[in-house]
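First comes the structure, then the notes that go with it.
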């Protein structure tokens, strides 16, 4: 069932360590078939190199495992919450990539300081509020999804396809899980650039808004002219 | 004698440079068979790539070499002291990994700033006091073990499976040497995250205690639900 | 047509990720045959590993594609502008290499702090002014070339073979595209050295001018005595 | 002639990029046969991967090329000066390794902040004074050797086997060129550790002198007990 979805999810998970985004077991990716309302996600605690499409766990949008012998990632309720509330998402990637996680730990958004950032994210990469004690003690992973959605109340997740969960780490997404992986790479790249820039110039002013929009529109939306015509 | 113990110790030592934790010859791992009271440790000054199980030196808990033609690691008395005093230890890893060693040199504990840390260590990774001149001039390596144990007088080494020896470098441990290697990787990862976080926010507040406990308990102890059921 | 030019341009593009200079798709190289007035440039949005000489796009100095089925790099107008105005250029490389891009984002030139820098660049690596809103909304990529040329009004591009475009990233060049790649590597190396040096000594004074000149002249111009006689 | 010396010098040069110590062409190693008064050194401007023992240039202690078709490294006069004045040297390595070069550019010695440093260097790794304009305009490379020797007027090069040349980069040495390579690796490692430590604690106090001596003596001199008996 859903052979292609499993394959995509598996490949995305395997790419995370190849891109240097995960250390130890910190990271997982999922791919959604929105029509069927089912997503394929990494099984919990399994090594990336040993992942096979058949090991992916299939979960429906009610949170029920519909196929798979292994337990799904312990972050599954977060993926579920995001897929339910943010309708444009087709793939989600969670990592503890170094510089992005440092911004999350410092409680600072990743500011838009240059065109590299503007090519991927329209505005800063935001950081959620901290979870409250009651939320932590309750359905912690669902609440993690909820603070992300709360943070995106007035943001378009298609224009800002990533977030930092405070004290935790980044989540990135996209219309497909392949695009979500690319955005996760971009989050870490922009975090590195911002970190070095901030060290060089504490009072670094943000990129000019016109330039920001130009770069984002060059690659996204109806006026995009980057890449080959489709 | 103790073929499996030698094999585990050898593999653990060989993994240290693969994980980027050791530079030059700075690092060693040992594995203990507590029932027999014997541990297998790296021979001193031998290249990691040339290590074979047969080259491991077997030492008993009185500090006597019971098998092995080579001299054991010059840090053997530290391992010995830890195995004697901290009864839950089954494996020990010592490295000079870069960021963790920088914290040790700065005399600063690695603060618990996020969930990555909380997944491995319950509280900060502590730093020992400096050795006194008399201790340095005396049985220096035993004294190194002693200041570690002194620092853990009111800490559970199973909940905080690592320490920074002041002006020196980290030691990590676990119920097995394989787990000790994993903890040594986590020490360096948490040190990197803390370093970047502190640069971004000097007054960075520690992770919320409820969140800290939730992450630690998600992976450790009776209520753990991460990974596959055993 | 222009087989050798395509081959050189292709090889230069493929070397960029090998040198760790590009991340994702951020980077492109071109090679000019000034006699024919044609340059070969990377096609837009094509993976570096899949690049073949036949895929290179040939563009003349009026900006017309003279051969090639793919769309050229979206930065082609910048390359064009530089080739038209700076007559000594035979190759151009654009990257978003990490430390150099951080200097660009911070709006700081890369200062000449040591002999490594002096071996490649006679004076600091300058940063352009920010583009004006009208320039960004207009022919953005041509204007990028124009602010570079504006910045070099009183600089010799053969003595300072690189620039930082403010809020964007570095461009490097040379008499050949092979030399341009080498200069792009040097830009990133000097940016790293300057970054670490500035962290160690905020008020770091620039390298002595006599020493600077000596190192540059040891490798460049009529009195060079580095390397083998030609 | 001197087949073994050429082989050692060649191998040492080839190891420099493998250890990540050289970028582009910045680095060279030489090996001295003090009895014959001849050293083998890297030819200038030749790629490390293409180096063969036969390409090494043999130079006597008067600075005359006694064998070799290629021009020797442009830094040859510096090596020559060091071999002539510092009688315990049997091998010299020059690199522009990143963190050590940053300390040189900042004009700061690498302080002894921990036992990793103490295992290799007895005291800080010193930095020379800047060369005077007359020295730069004169026999620049010989003068580079002279300021190093001037800096070691009251230091034992066997106890501090490395130096930073101000605004330039490190030189390391040893009784053999193999040991010189090891010391060059240690210089960069200690520079990295010191850099991170200084960032964590600006007012970082130096390692206790008793501890410093203990670590150095554990590996060097008559009381050493590290490694296997010889």
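Each chain gets a letter, A, B, C and D, in the order it is written, and its residues are counted from 1.
In this text, a residue touches a chain if its C-beta (ideal position, glycine included) is under 8 Å from a C-beta of that chain, and two chains touch if they have at least 3 such contacts.
Just so it is clear, the structure is predicted and the values come from calculations on it, not from any experiment.
Looking at chain B and chain D, no chain is in contact with each of them.
With contact taken as defined at the outset, there is no chain that touches chain A as well as chain C.
One rotation lays the C-alpha atoms of chain C on chain D, and its angle is 90 degrees to the nearest 5.
A centroid comparison over C-alpha atoms places C as the chain most distant from chain B.
Residues touching across the chain A-chain B interface largely differ between the two copies, under half of the numbers being common to both. Rounded to whole angstrom, the centroid-to-centroid distance between chain A and chain B, based on C-alpha atoms, equals 33 Å. Once the centre of each chain is set as its mean CA position, chain A and chain D turn out to be 47 Å apart. Looking at chain A, residues 199 sit in touch with two or more other chains.
Shown here, the protein chains touch around one cycle, each chain meeting exactly two partners.
Contact between chains, as defined at the top, is found for A-B, A-C, B-D, C-D. Note for the complex: chain A touches chain C at residues 113-116, 119, 182, 185-186, 189, 192-194, 196-197, 199-201, 204, 207-208, 210-211, 214, 218, 225-229.
Residues of chain B that touch chain D in their complex: 23-24, 26, 43-46, 70-71, 74, 96, 98-99, 101-108, 130-131, 133, 136-137, 140, 167-169, 195, 198-199.
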